[in-house]
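Note that chain A is present in both complexes that follow, paired respectively with chain B and with chain C.
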Partner chain A sequence: MNEDLLDIICCPLDKSELELDVRDRDDGEIVSGTLTCTECGEAYPIEDGIPNLLPPDMREETTA
Partner chain B sequence: MSDDRPELARQRDLDQVYEPAEDSHLLAETAREYVGEGDLVLEVGTGSGYVATALAKTGADVVTTDINPMACREAHEAGLPVVRANLVEPFRDGVFDLVAFNPPYLPTPPEHEFDDWMERALSGGEDGRAVVDPFLETVRRVLAADGVVLLLVSSLTDIEAVRKRAAAGGLSAREVADESHPFERLVVLELRPTEQ
Partner chain C sequence: MSTGDVALFDRFARYYDLFMPGAKATALSRGLEHAGRPVERLVDVGGGTGRAARALGVERRFVLDASRGMLAQTTLPSVQGDAGRLPLATDAVDAITIVDALHHIYEWDTVFEEAYRVLAPGGVLVISDFDPTTVPGRVLAFGERLVGFDSAFVSPAQLRQQLEDVGFETHLIEGGFGYTVAAVVPKREGT
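Let's look at the complex of A and B:
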């Protein structure tokens, strides 16, 4: 994902802002990391460049 | 003409990601007329990314979602910004000029369980509106002040019921495109926020 996506995404549960923690970056793209809700503290994974913002009860392994 | 690995990987995913069909084409052609340079567009349930790619060609900034991880990978590989999401849940209030959605809408008997991703891409539950209804309840929140929703529906899904649900979600609907097929009529509904 690109960092400017942060301007339009939010926590799917309470719509609060997300804090980005980058683990791995490739040529400007965030390949892996975590998005954490600044309100409820729920953490959402970024894997293979794709943020998974499904609510926790719908989340499952993204590797097929 | 040799198949390399990425191609083979895509072939494996093929039957788990909805491929563009008549409905995708009708939605893409219609939505293209609504957007241009600098507009911020969301395509919900992008599948193969066909509609989003067509819209990106207008110069609009297009963001996509899908609930299916394989569809998300295809969109990402196509160079589209993608978020794995349920409908419009993880987006901020009032940001999109256009939201486009070709939802699963085929009425499916209750004994027919969701057992794979293709089933989920097609089936709209018993009345065909299992995904459409929650979308209509929540989409208005993410629309910009003069934002518009384009929703593809089928005559199989009871378009009048869709209109009523839209009204309950604060949106007024009108048909802006349609196409007849042997067993159904495909319609693009334009949904705009009603006065509050």
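Let's look at the complex of A and C:
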């Protein structure tokens, strides 16, 4: 994930801003980490460079 | 929940670019031209492997899809998300495309309201899908049911009506079996 995307992504539930916590970075790209909603506190994982911003109720059935 | 058929796409992702006809880049580009603002940032919703977004000459483009398997195949920046509850800020993008994907998505009114919110004033939503009132459209709708998709198709006229009910100004870009509609967010006073 490019940090550029941070300007436009938000929490899918309340549309509030997200706080980025980077675990792993490669050549400027964020490979893994967590995005946490500054309003409701919901945490969204970044895995293999892709942020998973599905609402929590959709997460399980779509995780292959 | 607005996105159906996700598990099936996770299974088919690897073969998707081989199976599907090439994206109608020309019709999509003509749709984008209806925007009342420069198109610099574009999101391809339900964009899967990103084949439509790749065909468009927009500088900052990314793919949003509920299927992890589809996104894993794309070289474009991507976000896993739901079309009905977009994880995108208000007025965040200049254009949204939904190419051959709307018929896999549930609760269109919610999806269109979300698109309207996320598009900046003058921004454009371009939708390409298949008309079930044409003969090949009927065959396609039947075929998708055979392989297990829970697909929903409407005619361009019905689609435009639904978009206009949400507040968009619509234009038919191309009719026929595979049709393209552009829906523009009217500019607000003083913008």
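Operating definition for what follows: the second predicted complex is superposed on the first by the 60 of 64 C-alpha atoms of A that agree within 3 Å, B and C clash if a C-alpha of one lies under 4 Å from a C-alpha of the other, contacts with A are read in each partner's own complex, and residues count from 1 in each chain.
As a convention for this text, a contact is a pair of C-beta atoms (placed from the backbone, for glycine too) under 8 Å apart; a residue touches a chain by one contact, two chains touch by 3 or more.
Since we're looking at a predicted model, the values are computed, not measured.
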Under the superposition described at the top, does placing chain B and chain C together on chain A give a clash or a fit? clash
Would you sort A:27 into first (chain B), second (chain C), both or neither based on which partner it touches? neither
Touching partner for A:57 - first (chain B), second (chain C), both, neither: second
Have a look at where A:1 lands relative to chain B and chain C in the superposition and call it first, second, both or neither. both
So, A:12: does it touch chain B (first), chain C (second), both, or neither? both
Interface residues of chain A shared between complexes with chain B and chain C: 1-2, 5, 7-12, 15, 48, 50-55, 58, 62-64
Mind pulling up the chain A residues that touch chain B in the complex? 1-2, 5, 7-12, 15, 48-55, 58, 62-64
Sort out for me which residues of chain C touch chain A in the complex. 1, 3, 6-7, 10, 41, 60, 62, 66-69, 71-72, 77-82, 85-90, 92-93
Residue numbers on chain A that touch chain C, as the complex places them: 1-2, 4-5, 7-13, 15, 44, 48, 50-55, 57-58, 61-64
Note: in the complex, chain B contacts chain A through residues 13, 40, 63, 67, 69-70, 72-73, 76, 81-86, 89-93, 95
